[in-house]
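Quick notes on the structure that follows.
Labels A, B, C, D and E are assigned to the chains in the order they are written; within every chain, residues are numbered from 1.
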Amino acid sequence: MTNSLLEVRDLRTDFLLKSGRLRVVDGVSLTVEPGQALAIVGESGSGKSITMRSVMRVLPKTARIAGGSVRLDGRELTELPERQMRQVRGRQIGMVFQNAMEALNPTLTLERQLTEHLSWHGICGKAEARRRAIETLGDVGIPEPEKRIRTYPFQLSGGMRQRAMIAMAMVARPSLLIADEPTTAVDVTVQRQILDLLAEFKARGTGIVMITHDLGVARYFCDDAVVMYAGRIVERAPVRELLARPSHPYSTGLFRSTIEVGGRDRALAPIPGAPPDLAQRPPGCAFHPRCERAESVCRENEQMLLPLTVNGVSRGTSGRPGAVREAACWKVAAHG
Amino acid sequence: MVDVSDVAEPVTTERAASERPVIAAEHVDKVFNTRAGEVHAVRDVSLAVHSGQTLGLVGESGSGKSTMARLLMGLLPPTSGTVRLDGLDLSTVRGARLRQLRSQMQMVFQNPFGSLLPHYSAAANVAEPLRLHKRGDKAWRRERAVELLDLVGVNRRFVDHYPRQFSGGQQQRIAIARALALEPRLLVCDEPTSSLDVSIQAQVLVLLEELRSRLGLTVVFISHNLAVVERFADRVTVMCMGQVVESAPTEALFGAPRHPYTEKLLAAILPVTSDPLPQPDISWRSSPDQPSALVEVAPGHEVRES
Amino acid sequence: MHGNVRPRRRRLGTARLLGALFAASLTVSACGLFGDSNNSASPATGGDDAADAPADADRPDQILRLSSSNLPIIDPQVVTFGMWTAVRGIFEGLVLQNEDGTDVIPGVAESWDVSDDGLVYTFHLRADAGWSNGDPVTAEDFERTYQRLFTPETGDTGGGTAGANSYQAATNIKGAADFLEGVTEDWSDVGVRAVDERTLEIEVQSPTPGFLMSMTHPSMLPLHMDTVEEHPQDWQEAEHVVSNGPFMIDRWVTNSSMDLVPNPHYWDLDEVHLDRIEIALLEGGTTGAATVPYENDEVDIVGLANADIIRMESHPELVDHIRIAEGASYVYLATLRSKNPLLEDRDIRRALALGIDRDYVAEVTPDGQPGRSLVLGTVPGFDDSITIDDDVEEAQRLLAEAGYPDGEGFPEINLLTGSANVDVEAIVDSWQRNLGISAKADTVESGVLVERRWAVHDENYVGFYYGSFAGTPNWPTMVGSLWSPQDIQEFSLPAEVWEEYQEVQADGDLSATERNARLAELREDHASPESLQLAELVDQAMQATDPAEQEARFKEAARLREEEHLIIPVLWKDRYHAVRPTIQGLNLRPSTDAYYFKGISIAAEE
Amino acid sequence: MALAEATEPTGSIEAVKARGHWAGAWARFRANRLAFISLIFCGLLVITAIAAPWIAPYHFTETDPTARLAPIGADGHWLGTDMLGRDLFSRMIYGLRTALFVAFGAELASLVVAIVIGLSAGYIGGRVDQGLMGITDVMYAFPSYLFAIVLVTVMGRSLWAVMLAIGISSWVTQARLVRAQVLSVKEREYIEAARSMGASGTTISFRYILPNAVGPLLVTTSFAIPAAIGAEAGLALLGLGVQPPTPSWGSMISEGTSYILAAPHLLLFPAGMFALTLLAFTWVGDGVRDAFDANGESR
Amino acid sequence: MSFASYMAKRIVRMVLSLVAVSMITFTLLQMAPGNFADIQRISAGAAQFGGAGTEDMVHAFASRYGDDIPAWRQYLIFMKGAATWDFGPSYKYPTRDVQDIIAQGFPISATIALIAVAISLVIAIPIGMFAALRQNSPADHGTMFVITLGTALPNYLTGVILVVIFTLTFGILPSSGWSGPEHMVMPILALVLGPTAVLARYVRSSMLETLREEYVVAALAKGGRQSVVITRHALRNSLIPIVTVLGPLLASLMTGTVFVEALFRIPGLGLFFAQAAASRDMPLLMGTALFFALILMTMNLIVDLVYGYLDPRIRAAGGVSRWRSQKRLSRQAA
C-alpha cells in the first residue's frame, strides 16, 4: 500500500498546566491524500487547531505531543530533529490562519514575508524568490503583484490580505496545506472566492486540511470530514455522507443546529448545554451530558471509533477508495 | 411564507401599514469625521418597523448596518434625517428624557462578554437597567433579575457569578435578560449570534424566537448571515455601502431577489444540504456616489436601481 | 489607505540606532567634555615639566591638588568663596599676614610709614611686583581698584561689590563710607591717593588699630583695572584674567576645576615652589564625606567637617594629618524680632544664654570649643573678664523670677537655621534639659531663612536664628565691626520700631543722607541705653592711641555687648584640615580661612 | 421546559465560586509568594509606622549624651546612636513613619486629582480633553522638582508641603493613564450597552468606567508608592525634605553618607531599611501588576 | 493630515507649552521666599552682613532687567531674550550667560545619560528577551527578581554603594570630580541600573505580548528557526514600543541626574538647575527650566516620529497616533 500524503495515528497532545497534564488532543487519527481536502469540524475548544499544530509541531510553549505518529509522505515527523522539521514546515506543509491581519507581520512588507522562508530553506536566491512571490501573488488573484509586493499587510483589504496569506503559505509549493478557518473572518461574498482559490491548489494536487466549524464550507470544499469533540474524533465520513446522514449524536446535533436558507420550516433543534471544560471532562462519552440518547453505558464507558456497519457490512463508504465511515458512539455501534 | 403560528399576536401587512411604526428612520444620513477624512457610513436610509414585526437588516462588513442600529437606538445622532420612536423625533429629546425613552428600546450586542459589565454579577447586570430607571427597591430588582435570568435559562444557582465565569452562550442569555428587564417594546439585535459557536448560536436563536412570540416584541435583527435572517425576520432590508439596495418581505426577497447585490449575497451562501447557487455572472459594484432611487417593484418590495 | 505605496528604502535597524547613539555620545565626550580642549597643560601632559627639569629626579611633582567649594567668580570684591581663593595667592595685596596670622608682613608694599597722628599710611610699592601679563603693579592700580570697591552698584564688574565693601568699616578709610553711600561723589574726598607710581597714601578717618591687618582682607586686593574695564563681563575668565599674586589662573572650567600656575612676573619667585595647583571645584548637593577623596588620594589638603574629624582622629595614621587653625569662627544665636515681647526682656535672654550647656554642644561638635564670648579667644589680650559662663542655676532663677519656674508656661523657643546641624540640636537639647522649656530647631531653606531672619514674627514665634561668623581675630574687628554697636542697637529695637526702621531702609524715595539720618534718629530714640553706650565705648576705643587703653576700652565694650545677650555666643570653632605630611611650608591662619599658596612645597614621601 | 435544561452551565462554573474581577486578581496575587510576603512585610511596616510611638524605644529627638555615636549593640541602643546620642533604631522607625505618611498621602492626593482630570478629559472629550491634556502636557514638560522646591519653600518644610510636592509631580502621569484607560474602556461595548440602557454620563463614568480603569491605576499607584518614598528621601537629600529633626530616611542617608567612614552604621541601617522597604513595595507592585495582567483584556 | 502640517501643529503646541512653562516658573519664582542676593551672602559665609544694604546688590544683578520695574516687564525682557536664545547673564555666574552655562553643562548630563541608556539597552534587551522566552521559569523569576532591585534602588543610593565598592574598598575610581573619563564610570553605573530594570521589564512584557501574536506562529510555521523568528519578527516589533519609553527616559536622565551629579560632584546641568532654584538665580533657573522643557518636548516629538518611522502602520496613517503606545505604557507601569 502506498503512503498517504499525511497520515496521523493516535496523536495525543497535552497541555502542561500547574494543575497537571491536560489532554487536549486524544488519540486522533486522520489521513489526507494528495489533491484531497479533509475537513476537521467542531466547535471552539474541540482541539481541531491543536491537532494540526501538533502535526506542524508549532505548539504553545506549554503543550507537548504525548504520543502517536504523524507521517508525511511516509516520513515520521514526531521524531524528526527540529532542524529537519523546520525544512518540513513552510516547505512541505503550508499553513493558512483564520485572520490574516494577525498572522501577517504588520511591520514587514509582503515581499519579506513571502520570500524569507524560501531563503531559509535554501530553495532559491533572492531574485528568484521575488519572482516566485510575485507569481504566487498573481496566482491568488492579487492584481498588480509587482506593485503589491512592496506594500504592508495593513494596506490591503481584508480579502486581499487573506489571499496574500495563502500566497505566503503556497509560495514554496508545499504538498500539504493546513487551513485553519480561512474564511471565518471574511465577508460571505469573499468566502467563496477564497475557497475557489484554494480549490485550484487542490486541483493541482495539494492535500488540504480545512479546519472549520461551518458545515457549509466543509460540504462545499472538502471530500472527507472528521468531527471532533472534546479532543477526540467522534465521527469520520465523506462530507456529503456525513451531512446526508450524520450518525453520531453530536454530528446530528451540529447539523440540526445549522441554519440554512430555505430551511425555515425545519425546526431548530440545538444541542443543549455547552462543550465541556477539558479539565473536567465528563466520564464516559464526553458528549453524554448533552446527549438526548445517553444511557448509563455512555456515562461510564467510552466507545472507540468504530466503522459503521449495517449487519456487519461496512456502511456508507460508497465511491472513493479509502473513504471510511466511523463513529464513536455506543448507540450508533449498537443500533447501526 | 410567514410562520404565524408561533407569533402571539399575528400581524398582517395591511394592519401594520395602517399603524404608526414603532421605530422609523426617514432619510437618515450619518457621516463620521475621522483622521482619514469623512466616512459616509449611512446614506439616505429609510425604514420602518411596525409593532410586533421583525425587520432583518443584512449586509457585509462596512455596509453601515451596525451604525444604523445605533442610529435607531438614538446612541448616535444622525447627520441628517430623523429617527422616530412612536412618532417622536429622537433628535428633539435629550438628557434625562432621552434616557427615559431608552427604557422602551433595548439592544443586544454582538459580543456578549464585551457588553456585560465585567465587575457586576449576572443578577446585578440584569438589575442595572431597573436601577437606572429607578424601578422598585433593591430586593425587588434582584428578584426580578433572577426571574428574568430564569426566563432566559440561566440557573438561579449562578446568578451571583460574574460574566467572565459564563460561557459565551450563557453570557448572551444574560445580555438578553438585561435587554428585557425594562420590558421594552423594541429590541435591536446586532449580530447577536455571530460570535457564538454553531450549537450555541442555535440555542440563542431559539430563545429569541420564543421570547419574541411570548412577549410580542418588535425586533430589528441585524446579521450578515442570510439564513438566520430568513428564519427570523418578517421583512428584510439589504444594505450595501451605507445604502439600502433592496427591501422586501422575507419570502419575496429570498424567493425572487431583484437586486444584483442581493443575488450575489444569496449565491455566496454555502448550504449544508444542497449545493450552492451558481455564482451570478454579474460584476455589480456599488457606486453610492451616483444617486439612484429605490423603486417599488411589488407591494412592499423596493429595489435600488442599478 | 490602499495603494499608498512608498518607495522602498532602507530603514535603520534598532541595532544601528543604538550604534548611532553610542557614536554620538562618544563624539560628544571626545570634544571637550572635560573642558580641556584648548589647554596645553592638562594633567596628562605633565610630562612637559618633567622634560624641562630632568635633573630633579628625586623631587616629587610639585603639583598641589585641592578641592574647593564651587567658585562662580573670583572677584575679590564680591562676597563669594572666590574671594578667599583669590587671596590665597592669585592676587596679592599691599601686606600679607604673618605665619600665625597675628600681624602683617610686606606684600606688594615693601615698606610703609604711618603718620604720627596715626591717620595717614604711606605704602612704598616694590619695583619688581608684576602683573601676570608683565605690567608692573603700580599705586594707581590700587587707587583705581579701591575706587571700584567704593563705588556703589558697580554692576558691570560681574556683580555688585556690596558685601565686601561693608568691610570698609574695619579699614575706616576716610570718606569711603560717604562715597559708597552716595553722600559724596567726589573721589578726592576719599582718603586713597596714588602719590606716584610706587607710593600709595591711605588716610583713615580716625586712628585705626588693626588697619594694616584689615588690609589683608580679599576686598583690598588690587585688580588689573585695564583688563577689568576692557572686559567688564569676562575679565575673570581664564583667557583674560591678569593677576599679581604668586600664581595665576591657567585654566578654569566653571563648576569643574581651576588650575593655577606660577606667575612668571611675581616678585618673590624663590618662595614659589609649586608648579601647578589643581583645584577641583565641587558643588555639593549632598554632603559627601570629605575624607573619602582624601583617603583615596584625590586631594592633598581638605577641610574637615564633623564626621571627617571623628574619622581621622580615630585613625592611627590619619590622625597625624590633622592640622588645626584655632579659633577661626564662632557660632552665635541672634535674637529674632517678634510681636511677642518675651525676648525683649534682657533677663529672659540672659537665662537662655546661661542655660546653654556649651560643653555639651562643643562635645558633639568636634571642631568646636565652648564659645563664651563674641570675641574669639585667639584675639591677642583676650581674657576671661568678658566671658559669660554657663550658669544653670542662675538661669533657672531668672526664669522663675520672670514667672516661669522650671520653664512652666514658657513659650516654645525656635532656633531658625538654614541647615540641620548637630549643634543646633544640642542647644535645643540642653535648654530642654537645663531649663525645662520646650525648644525646637526650625530648619528652613536658605531663601526662607534670609527672609525670616529680619522679619518680625507673630505672637507665637519667638527665638533666635543660628549663624556663624569668621573675622580677623583682633579687637576692632571683633568688637567694632562684627556685631558692631549699630547692629546691637538695631537688635535692641522693639519689634514695632524695627518694622518702621526696615521701612525707612527700604524707602527708595529718601536720599542716602536722609535715610541715614532717619535711621540714626530711630536708633537714638529707641535702642537700649546699653547699646548706645556701647557705641560710645567703641568710638573711644577707636580714638585711643595707647594700645593698652584701647584694649581696655574694647574689653569694656565687649562685656557690655555680651551682657545684652542680644547675640548669644555658643561655640568657637577651629578649622580642621587634613594635610598630607609631604606638604611643607603650609601655614594655617586662624582668620579668613587663609593659608597662602606661596611657600608651599611638596617633599618626597619618606 | 427545554430552555432551562439547555442552559446548564459548563462544568467549570460549578467548581468555581462566584468570583469577580477583584477576587480573581486577589487570588492570583496571593499565589505569588514573593508579592504576598512583601505585602505582609509592607503591612508590618505600616503597622510599625502607625505604632511608632509605642514601638520605638525613644523619641526621635531624645538624646543620650552618654552614648554618642554608640556602635551597634550598645546598651539600650541596639542599632547604635548618632552624633547626639539619638537612638538610630527609633529614628529609623520615625523615619519610616515620615516616609509612609508622605508617600501614601501624596499618592492619595495625586490619585484623586488624576481621577477627576483624567476621567473628565477622557469621558467628556473634545475641548475639555484638549484643554486638560494641554495642562498635563505643560506639567509634563515641567521639571517636577522645581514645583517641589517652590512648594516646599513657600509652604515651609512641613510634612504636608512635602506630600503635596510629591503628589504634584506624580499626578500628571496618573491623569494621563486614567484618561487612556477611560478612552479604552469607553470604547468597550458595555459602555454602549449602558448608554442604551439609559445610563447618565455620571453613572457611566463613576460606576462603569472607573471601576474597570482602576486595575491599571492600582498597578501604577502601587509602583508610585515606592517612587514617592524615594522622592521623599530625594527631597530630603537636597535639603528640601521634612524639617529636621523629624527623621526622614533621606536626611538620615545623607547624614550617614558623611559618616560613611566614621560611623558606617549610620548609613548602613537607614539605607538598608530604605532599600528593603522600596523593594518590598515594588514587589507588591509587581504582584499587583501580574494579578491584573492575567486578568488583562479578554481576547 | 500632511506631515508638514502635522509638524507645524506640533511646533506651535510646543511653543505654547514653553510659554506656559516659563510663565509658571516665573510666577513660582516670584512667590518663592528669599532673593538671590541674600541667599548668596548666607551661602558665602557673609551672614553677618545684612538687613539693610542688600538692595544695591539686587539692583546690580538685575541691571539687565532694570530697577524697580514690575515683574511682568522683567518677564517680558527675559522672554524677549529667550526668543533669540539669549537668556542673559546668570546672577550667580555673572560673567557667564545662561546659554553658555547650558552649553557647558548639558553635554555632560547628556553624555552620561546617553551612555547610561545605551548600556542599559545593551543589557536590557537580551535580559528581557531571555526572561520572556523562559516565561515563568525559575530563570525568568530569578532575572526579574534581580532586576527589581534595580527599579527599587534610587540612583543616589546605588551611587553611594558604588563609592563604597570602587573607592573605599578597591580604591580604583575617584570618588568625585570631573576631569577625565575615570570620573564617568561610577556616575554612569549608578544611572544604568534603573533604566536597565525599566527597559528589561518593558522588553520582557512587550516580547511576551509579541510572542503571543499569530504572525510569530505563522513565521514558525514557515519553518523559521526560533532565533530567526524571534530576531526578525518578534524582537523588532516588540522593540517598537520601547521607543516610547526611551524618549522620556532619556529626557529625564538628561535633565534629572541631579542626585548623581551632586553625589559625584559633576558639573552637569541638573546640578546647575538645582543650584539655581536654591539660590533664586532667576535667569539661570528660567533658562534651564525652559531648556529642560524643550528637551522633554523634543524627545517626545522625536519619539513620535521614530515610532511612526518604525511602524509602517502609523507612518502610512500620516499622523502619529500615540494612543496605542499610551495604552501599552499604562499597562507597563514601571
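Here is the rule we use: contacts are C-beta pairs under 8 Å (C-beta built on N, C-alpha and C of every residue); 3 or more make two chains touch, one makes a residue touch a chain.
Keep in mind the model is a prediction, meaning the values are calculated, not measured.
The central chain of the assembly on a C-alpha centroid basis is E.
For the criterion of most C-beta pairs in contact, the winning chain pair is C-E. The most distant chain from subunit D, with centres taken as the mean of CA atoms, is A. Subunit E has its Cα centroid 22 Å from the Cα centroid of subunit D.
Computed from the mean C-alpha positions, the centre of subunit B lies at a distance of 87 Å from the centre of subunit C.
Centre-to-centre, using mean CA coordinates, subunit A is 51 Å away from subunit D.
Centroid to centroid, with C-alpha atoms defining each point, subunit C and subunit D lie 45 Å apart.
The set of subunit A residues touching two or more other chains comprises 154-155, 270, 272, 274-275. Residue positions of subunit E touching 2 or more other chains, listed in rising order: 32-34, 156, 163, 168, 236, 258-259, 262, 274, 278, 310, 316-317. Annotation for subunit D: residues touching 2 or more other chains are 2, 6-10, 12, 149, 153, 237-239, 257, 260-261. Looking at the complex, you find that subunit B touches subunit A at residues 1, 3, 60-61, 167, 169-170, 197-203, 205-206, 209, 224-228, 230-231, 254, 264-276, 279. Only residues 61, 63, 65, 68-69, 83-84, 149, 152-153, 156-157, 237-240, 243-245, 251, 254-255, 257-263 of subunit D touch subunit C when the two sit together in their complex.
Only residues 34, 134, 137-138, 140-143, 145-147, 149-150, 153-154, 176-177, 180-181, 183-184, 216, 219-220, 222-223, 226, 230, 233-234, 237-239, 253, 257, 260-261, 267, 271, 274-275, 278-279, 281-283, 285-286, 289, 293 of subunit D touch subunit E when the two sit together in their complex.
Residues of subunit E that touch subunit C in their complex: 32-35, 37-57, 59-61, 63, 68, 89, 92-96, 101, 104-105, 107-108, 110-111, 114-115, 117-118, 121-122, 156, 163, 167-168, 171, 174-181, 183-184, 235-236, 239, 258-259, 261-263, 265, 267, 271-272, 274-275, 278-280, 309-310, 315-317. Within the complex formed with subunit E, the subunit A residues making contact are 53, 56, 58, 61, 86-91, 93, 95, 97, 99, 102-108, 116-117, 120-121, 152, 154-155, 165, 168, 172.
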